[in-house]
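Two complexes follow with chain A in common, the first pairing it with chain B and the second with chain C.
Moving on to the complex of A and B:
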């Protein structure tokens, strides 16, 4: 029997290897979090849920987790709105400023996080608006690094968007706003959803930038894990990692399921 | 009564004048075609009427009211695009209901209207389908139904058949025309296909480089072309170098290959000026057919013959110029071989003298 798969064997092998390489660290974190020993070691000395339970009673990790969750949620909402508007401008404007702006919007992901973090820190301190070490300041930083992802995914769905569809809606009686909400938005919605997932994950895991902008009473999870590992080599950090992995996985699944569900409902 | 009036309508995209001082009157219920080569400004004109493009200058009147500054949603115009622009995230029924929902028509009424519209375009039972499951011709019908269900005052069609294959195009041509006549809706039809324009239209406006070169019935456009451009763009024409030699009764005398020939004249020309004498291949008679003394007669040599089934095309040499004649392929008509000499002739009323471009 011949191989009937349209994907060559080599490709499947390569993607198999890539998957293993990508998943191994995840597996290591999960197993370390389930360690029954007193220190973060691998392989674990035995399996237990005590560090997982410890996560819930920890004075550091649970608040940090919740703070990160809140920060990522607010960041995602702002990034999605601003990023979508920016993408629409970048694909439709005929202004000369367009290419310059496109470059500026993408800059935050191109620059090393340390450079951006330092720059923002100095800028916030210099403007004396109280942004340094404040939640709004941290939020601004996170929006800057997550928005490029929204811009990229929404732009991708706008590039092959056919403007005559909007014109048709207008001619049928829709105001510009109605044409946008009833026609444009639903059509580019997959791009927006993808951008939302990216923004959430990037914000939740953001480290370098956060290092410059966070304060002791405003500790997102990555900073909390880093700090705790520097002083105590406890498996609680790995347990927190398990929860982070779960959250990211669930949010990805839920978002893509919501999108598909909507499609399913429409096609019933 | 005129339903649409364009008054010195002009639009420039930066430096390019896409539409240049177009004035036009279209009567209620009329089927008017804008015909012209690619890039001549047909779509821009249509988009100005629909309200998507703001004129640089000039006015648009619909039913006597000035709509030049009105947004598209308040013009009561239905437009069908070349790519149909079906909303991909809505079913066929939702597409058709779109305009009525915006008008806040009660649900039950919408359902009835959608059923009616689907039946009207021959797509009953297709309400639950989505765009990706429709053929080009079906999308075309949905686009029409979506527009017609809102009962617009005016229907605009931008090359609606160009994305379809030839057989379907023929079928849809007659179908659209029938539908338009049944509804009696004032229609502007944009096309670069002369056959569509000639068979469907009440009147045609031939456009070139942003201007309307001639506006008239299909017969006028074909038989009484106002310019060389019109006569060569629509159908085929022999274009012979000539010199205007002055009036000759109601007609003009033109010198062609040293002979004085008479032809229709629609433009005033200075005597002695270079001009073109144009005559359609089907009007060039040969041999016994050309024997009538009232015809313009000339000696010619056959230099080529091509068989086309119902027709035979002859390439003829006339002094230093070439001429094409198209004769019916019928048993009682003579045939000629290359190299033979033959008298060619035509009714002087079929020949026109036009200014050289």
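Moving on to the complex of A and C:
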């Protein structure tokens, strides 16, 4: 049997190792947040919801969680609008600038987050527009790093879009706007939704870029967790982590329903 | 070439391009945003890195000099950090490839679509989860009083905690955890695009499974291997949070130097110069990647 199976046994074993590496830290965070003791021991001392309750009264982690949620929401709205428009251009225009723009729009992902954060900080300090240490400044950084994900997912769904459907609507008397909102938008909507979720998650978990742009009054969750982790293991932080894990798991499941993941992988 | 130009002119005349002449307005906001908040800031960073060092001064003085870069490459503290970052990045890339290839192969080739989807979701979810949260888990696991050490001591296998963290080993494990999903996702697409019948043909002609894997599947998956390695390398050398938490300030890499120069010493010019070196290293890796792809493609590219 083993020999006819398409996957060698060694590969199955190493795959198991890879899954353990990927999932163990997540499991440990969940256990730490639900553990009744201060420290997670082996074997665990018992289950308790006190750290979860502690998270809801925490003066640090609850505001940080809510701040991250708000920041990610605003970031996502701006990124989705700008990114979707750009993706439509990238798939429909025949201009030669297209390839250059495609490269430009992917660059923020390639550029080290620390370098981008520093560059924005220097720029904000030079221009004196009041962006340094401000919410709009932080927002600008997050839009930069999330837009590439929106552009990639929406482009992937637009590549398969049959333009003649829109042309048919136009020839039947629809205005360009009507043709777009009534015909194109509903068809590419799953791609846009997936891009939206990607953008939200990337913004919510963004650390390196945020390092230079956050201030003590504007602390997103990753920064708050990092600051507390430098001194001690705060089980309340793990409880906050549980909520973040739920958020990511749900959004990944939703994404997998919205877009054909296989298709997305093939385009990478 | 001339033919191509001609057909372009022809296309323009027949109005093929003019069907949707108003498309540019769609991309203009994004372009403006990127020029103003991406290209100009990066240019500012380059400018300040060539400016004469002045502690606590962030404004551009215009005293152009190469001193900041000379300092990086003449002081062992800094050039060793460059070397350390590159070495860590390379090690992590190779480890991710060894650990990630089999799982990518399973996802690409499993005959059960449900299993492939489940594994993909697991990989995607672990990639998207906030790094700091995952590092929390790693630290609880690998610290001196962490789960691994206490369990081993309880069983009596060791008498003193193993140094799993606050050293290069801890940083490497942390970086592998964080970057592995990117390697796997880069490989899945590449392996999927290889027709399984090629491998079957090799095997029916008497090749062993490993021989077929080495001479057929592996060479054909090289584009994905290169892409994944590049991505992991770039992510690993630019990570701040992993060496900071898993290395406990003892494994000093380029991003840590950048942050210290800015936040602790206020040397903006020098911090920016280290940033430029880090960016340059990423670009160099990308150049190597493109060269490798070209060589692999032979005359086809």
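Definition applied: the second predicted complex is superposed on the first by the 219 of 268 C-alpha atoms of A that agree within 3 Å, B and C clash if a C-alpha of one lies under 4 Å from a C-alpha of the other, contacts with A are read in each partner's own complex, and residues count from 1 in each chain.
The rule is simple: a contact is a pair of C-beta atoms (placed from the backbone, for glycine too) under 8 Å apart; a residue touches a chain by one contact, two chains touch by 3 or more.
What you see is a predicted model, and the numbers here were worked out from it, not measured in a lab.
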Once the shared chain is lined up, is A:29 touching chain B (first), chain C (second), both, or neither of them?
second
Which partner does A:15 contact after superposing on A: first (chain B), second (chain C), both, neither?
second
According to the stated criteria, A:175 is in contact with first (chain B), second (chain C), both, or neither; which is it?
first
By residue count, which of the two partners contacts chain A more extensively, chain B or chain C?
C
Kindly classify A:191 by the partners it touches after superposition: chain B alone (first), chain C alone (second), both, or neither?
neither
Taking the superposition as given, does A:165 touch the first partner, chain B, the second, chain C, both, or neither?
first
Would you check which partner chain A:143 touches, where first means chain B only, second means chain C only, and both and neither mean what they say?
second
Classify the contacts of A:183 with the two partner chains as first (chain B alone), second (chain C alone), both, or neither.
first
Touching both chain B and chain C, residues of chain A:
266-267
Seen from chain B, its contact residues with chain A in the complex are 50-52, 71-73, 75, 77-79, 81, 83, 85-89, 91, 98-99, 102-103, 130, 143, 146-147, 150
What does chain A use to touch chain C in their complex?
3, 6-8, 10-15, 17-19, 21-29, 32, 39-42, 82-83, 85-86, 88-90, 92-95, 101, 104-105, 107-108, 110-116, 118-123, 125-126, 140, 143-144, 147, 198, 201-202, 204-205, 207-208, 211-212, 221-222, 225-226, 229-230, 233, 237-238, 241, 244-245, 248-249, 251-253, 255-256, 261-262, 265-268
Quick check: in the complex, which residue numbers of chain C touch chain A?
16-17, 20, 23-24, 26-27, 29-31, 33-34, 37-42, 44-45, 48, 58-60, 98-103, 105-106, 109-111, 116-117, 119-126, 128-141, 145, 147, 150-151, 154, 176-177, 180-181, 184-186, 188-189, 192-193, 196, 209-210, 213, 227, 234, 237-241, 244-245, 255, 258-259, 262, 268, 271-272, 275-276, 278-279, 282, 286
Can you check the complex and tell me which residues of chain A touch chain B?
162, 164-165, 167-176, 178, 182-183, 186-187, 266-267
